[in-house]
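Next up, some structures in structure tokens.
Here come two complexes built around chain A, the first alongside chain B, the second alongside chain C.
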Partner chain A sequence: MILTRLARSGRGGWLLLVAGLVAAFALPWLIYPPVALDIACWALFAASVDLLLGFTGLLSFGHAAFWGGSAYCTGLIALHTGMPFPVAIAGGAVFTALLALPIGFLSVRLSGIYFAMVTLAFAQMIYFVANQWRDVTGGENGLQGIPRELFGLDLSDSFFFYYAGLPFVLAGLFAAWRIVRSPFGRVLVSIRANPDRARALGYPVDRYKLQAFVLSAALAGTAGGVFSVGHGFASLEGVYWTTSGQAVMMVILGGIGTLWGGAIGAALIVQLQDFLATAGFAETGIITGTIFIVVVLLFRRGIWGTARHLLITRRTPATPADVAAEPKKSVDTPV
Partner chain B sequence: MLQQAFNGLVGGAFYALLALGLSVIFGMLGVVNLAHGAFYMLGAFGAFIALDAFGLNFWIALLLVPPLLGVAGIVLERLFIRRLTPLDPLYNFLFTFGLALILQDLVKREYGVSSQPYPRPQELDGTVDLGLFTYPAYQVFVLAVSVLMCVAVWLVLTRTRVGMIVRAATERPELTRGLGIDVGRWVTPVFGFGIALAAFAGVLAAPMRAVNPLMGADLIITVFAVVVIGGLGSVFGSVAAGFAVGLVSALGNLYVPALSQILVFILMAVVLLWRPAGLFGREEAFR
Partner chain C sequence: MRVTGWGGCLAATGLLLAGCGGGPGGGDEKISDGKVVLAVLNDQSGIYADTSGRQTIEAVKMAVTDFQAKYGDKAASKTIEVKDADHQNKPEIANSKAQELYDRQQADVILDVPTSSAAFAVATIAKNKKKVFIDVGAASTELEGKQCNKYTFHYGYNSYMLAHGTGAEVTKDGSKNWYIVYPDYAFGQDMQKTFSAAIKEAGGTVVASDPTPFPNDNFSTFLLKAPNLDPKPQVIGTMQAGGDLVNLVKQYNEYKLRDKGVGLAVGLLALSDIHSLGSDALAGTRYTDMWYWNADEKSRAWADKFHAKTGKRPTANMAANYSAALQYLEAVQRGGTDNSDEVVKQLEGHKIEDMFARNATIRAQDHLLLHDAYLSEVKPSSEVKEPYDYVKVLKTIPASEAFQPRPDPACRL
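== the complex of A and B ==
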């Protein structure tokens, strides 16, 4: 049923899905497998941010709390209970959803730029907690040696672990896609477009926002869990605010409100950072910051967004869904 | 305990100066400047470079560095921020985030992550007897200057014609324009002034805090929490909250050291629960 609906969205949809899946499966053959896993994790992380930014109109600048928080939780479960890693990742995702409940409850009372500030502040609180609670999180050393236990299977090779981790990422992306296409997702888009009207139509806007926030956090947590098991460690960097910013950057680079664009953004940024690291250039912020600025100034539709825009303008008129996904108030003419 | 309270007020002075610049900029342009902490850091490095490369002492740096960085802010506003202000405010937020990354890593590339030494000015090297306890003279100076600065800005905003225009443009930009006042003309200097305030705080911080590329990064987020507590868009609220948060975290450090860094965020959560617009904010300001 889902597939038929996907097919109905145009012939291109099928082709893109197949191409995306082929790319996802072929990735560790093409590039260094740990980098491939990073790309997959960041793709899901970016999609979770886009679920809020592109489809609910909320810029969360604190998603590192969920990505990094889940990394710690997943690591702790795997280290102390010796459970198979999928259980640990599921535990991490549940933990982040629970963590997102109070943070979201307080944050969704604000909107726009205030929401971004408050989520950023709460994420920084989680960072300080992780930094100070040394007995549990290991402080600046982080958690080391997180096992990749799966019923005695040998997953020490990152090439094989990529395929063990990929199902979580694909399931997460599928969930994000399902959420966006569901009646629930349409309400989110309407909240993004006009919260007052959505409220007037009888939708409890804040509750919808909170649900979207928790779902998004759980997806970010899943991604963070896979990331921490893949690397075998969880560190303070994961909960630091620049990590939140990086996820947002991937979304913008790929295209806000495109869901898949984030994967392209993730692939580009992760590869770039890997390249800079191998070249011995430590101050990656100079390069990534510049890219960020250029994209925000000149290329706000992002890669996927631009491609889709070109397609749509060729066969007019635009469908309502595409109009809704455009960034709000994105007129290029100065007042 | 009194001494700890005094420490808190000195720490709060930095929060207040940064929050003041942040909310003046926010009020006038609707821009939340994530690079504010980076400009604070640049202010401290400006003082360091002035001494290290040009042999200029603290006092000259205090007079010279903030205007210089203020001019940099003006150029920045003219070239980039201006192009993004008609759009969703999120774009400027993201722009300044990218800028913060660049500035931080540029300084890191030049000077590394370790802290640079910066001596206290000789005139303020001693201690002052405050009756109940003696206290480093420099810290007393920082507190006094910051309070003076905040009061001066307050007076300019409430008692002068320029302040009247800025306040009017902050609250009702369209109406102000309709009354024949060129609002756009005031936007750029206000932005430059906010940046200069951050740089001023940075120069003040150089002799008493570690001068390193990351000194502004963590501070700025705490300042965000301060601004949320004080009331979004409320200049008075952010200054008052700055000193209050400094005081609370210093006393927290004394009684519950484990929570000292987190206390300000807990405070923010309580304020959000009780008054989402902040202690001194107006309801209409945030919806």
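== the complex of A and C ==
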């Protein structure tokens, strides 16, 4: 599948894919391994948000519920059953997909700011449940000491765990890419562009949106699961609305509707936060906020989106497949 | 675009090769990485920034200077560094910062860590990495109970000390009926439980106890309820801390509850809180502290040195961190190495007598520092003779009574 797509898009695609994979594998050699794992997890999380925001036209402000919910669920499975961590992460992802069903069912009828507000409200409900249900979640203290069990392998070194967690992230990103490029994904794009016309063509719009919502939640859940096992920790921070906001910010920085842009946004934000915190600069928000404003003002397509736009416009007219899958208007009508 | 990408790759490969040069040092060296690194991990921007925060780093640096002055050339390590990080009171950040301090900054010990949830996170990391962690800032007794481990020490105070000092002593003094308000999170709940137990033990009654949202700036519902309770409470026990406490005390004064016969006792009060509220706002309030800068000559001498460096008087927290850092360095000196297992062995059961810890021992079974605590009262401004001189010590609670008499059986080191 990858091969045909790459053959169609030419040499550039190959190079980018190889460069991306090399970067993903080289990351823990270049930077502090726990930070590398954070970047990988946030990249998948951002991609899951982009799947909704960039391709379905739904700005979810409640994805923390899935990221953090899965972190708890994964942690509980790993802590109480002692199962190997891949099982725990899968459990977390399934749990979030199930959690996303009722939430999505009630919120996909809305769009724009109303959808954002309703998802935010649900996420805050999850936050308070996690805060109050202390016997299970540990409340303020969070879940501590989540084991990294994998058939007796010693993964206590973050450097090795990065490579244990990476396949989940790559699989998640691949799934997101497949979803976007599938006929199902095309329908989502058409719903984003014009829901009424999609409905007139006979597509059950709400059902498509719900499916996209659940898939996106499962991806966010996978990311959250890897994150919680990686840190050995699940906390309220993960289900708090700022986490949702951070993911949305990464998507906007990287470029809405680009899927890979989220990874760039994640790398930028996580590295920046790490750098500023180690440099003893307390007001991280000022710097990240400034960068955010600059990017939004100067590169309206986001970092990756702008780069891709330049490449596409400079190249001779792209193949029809590219034009369909990479609509140039994607940034201008995000919500 | 692509060109810069490849350039980046080359640069990165260069970095990678450079990084591989310095692998971890040999296992048999006495002092790891050729230096001892003390790391302060605490709140430098939030509600506990004044109680410990950046000043604590100064206090720890003073400990290093004093240690070097004492041993000179005979010191076990020539180089002693102090690093720090801000955990913003969030367990998640504490978790990753602690890993980073131990790994990237070669920290041999982490100090301070206020906020119990953050302290638990660091304790778990310390256990996994087999590195020493001396907690000063967190109150929870679980650090020497369920969450205890071989490499974690609890140094200074805990909720038992606060509850049995303030709760029991104030009750014995005749304020039998209590109304407790506590912030609705781990620390507040823990304090409410230990205070209630201590009050009952001393023959008092808790008329009512109410959780408040956290953080919160309007306490009027709870304060106005107090005088109308049946039986009328003689004292409100507030477990709020930091900014919440400041709000609560201001409102307590606005409603003139002291004139209505309802006194105030504070679970956790720091010198910095009194300083920001003004001593009149808290005059007559009783609380338990682990140290007071103007209590005697020895404390005062150190506080003067601290004042010369920072222009402020130290809180008990800062003094405790000084003492913890100094005792850690002494343990390294005694053992001749900063190897964690050896340092733990040197600290366990060790008797300490310094300007902070009086009649003190580190209990070997649960790594809790037992030392004298002080029942104190805030003076009205008319009695305050110099800046920061806000408190008079009413009574010294001996080390044997100030803390849990027996180690928690839940603790298995």
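Keep this in mind: the second predicted complex is superposed on the first by the 308 of 335 C-alpha atoms of A that agree within 3 Å, B and C clash if a C-alpha of one lies under 4 Å from a C-alpha of the other, contacts with A are read in each partner's own complex, and residues count from 1 in each chain.
One rule holds for everything that comes next: a contact is a pair of C-beta atoms (placed from the backbone, for glycine too) under 8 Å apart; a residue touches a chain by one contact, two chains touch by 3 or more.
Everything quoted here is computed from the prediction, not taken from an experiment.
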Which superposed partner A:A266 touches (first chain B, second chain C, both, neither): neither
Touched partner set for A:Q144, first chain B, second chain C, both or neither: second
Between chain B and chain C, more extensive residue contact with chain A: B
Which superposed partner A:A88 touches (first chain B, second chain C, both, neither): neither
Chain B versus chain C as contact partner of A:L210, first or second or both or neither: neither
Contacts of A:A46 with chain B and chain C, given as first, second, both or neither: neither
Residues on chain A lying within both footprints (that of chain B and that of chain C): 282-283
Touching residues on chain A, where the partner in the complex is chain B: 59, 61, 102, 106-107, 109-114, 116-118, 120-122, 124-125, 128-129, 131-132, 241-242, 245, 248-249, 252, 282-286, 288-293, 296-297, 300, 327-331, 333-335
Residue numbers on chain A that touch chain C, as the complex places them: 15, 19, 22, 26, 29-30, 32, 34, 38, 139-142, 144-145, 156, 158, 231-233, 235, 237-238, 277-278, 280, 282-283, 307, 310-311
For the chain C and chain A complex, residues of the former touching the latter: 1-2, 5, 9, 12, 15-16, 19, 44-45, 84-86, 90-93, 95-97, 99-100, 103-104, 116-117, 120-121, 124, 128, 147, 185-187
List of chain B residues in touch with chain A within their complex: 30, 32, 80, 82-91, 93-95, 97-102, 104-106, 108-109, 217-218, 221-222, 224-225, 227-228, 232, 258, 261-262, 265-266, 268-269, 272-273, 276, 286-287
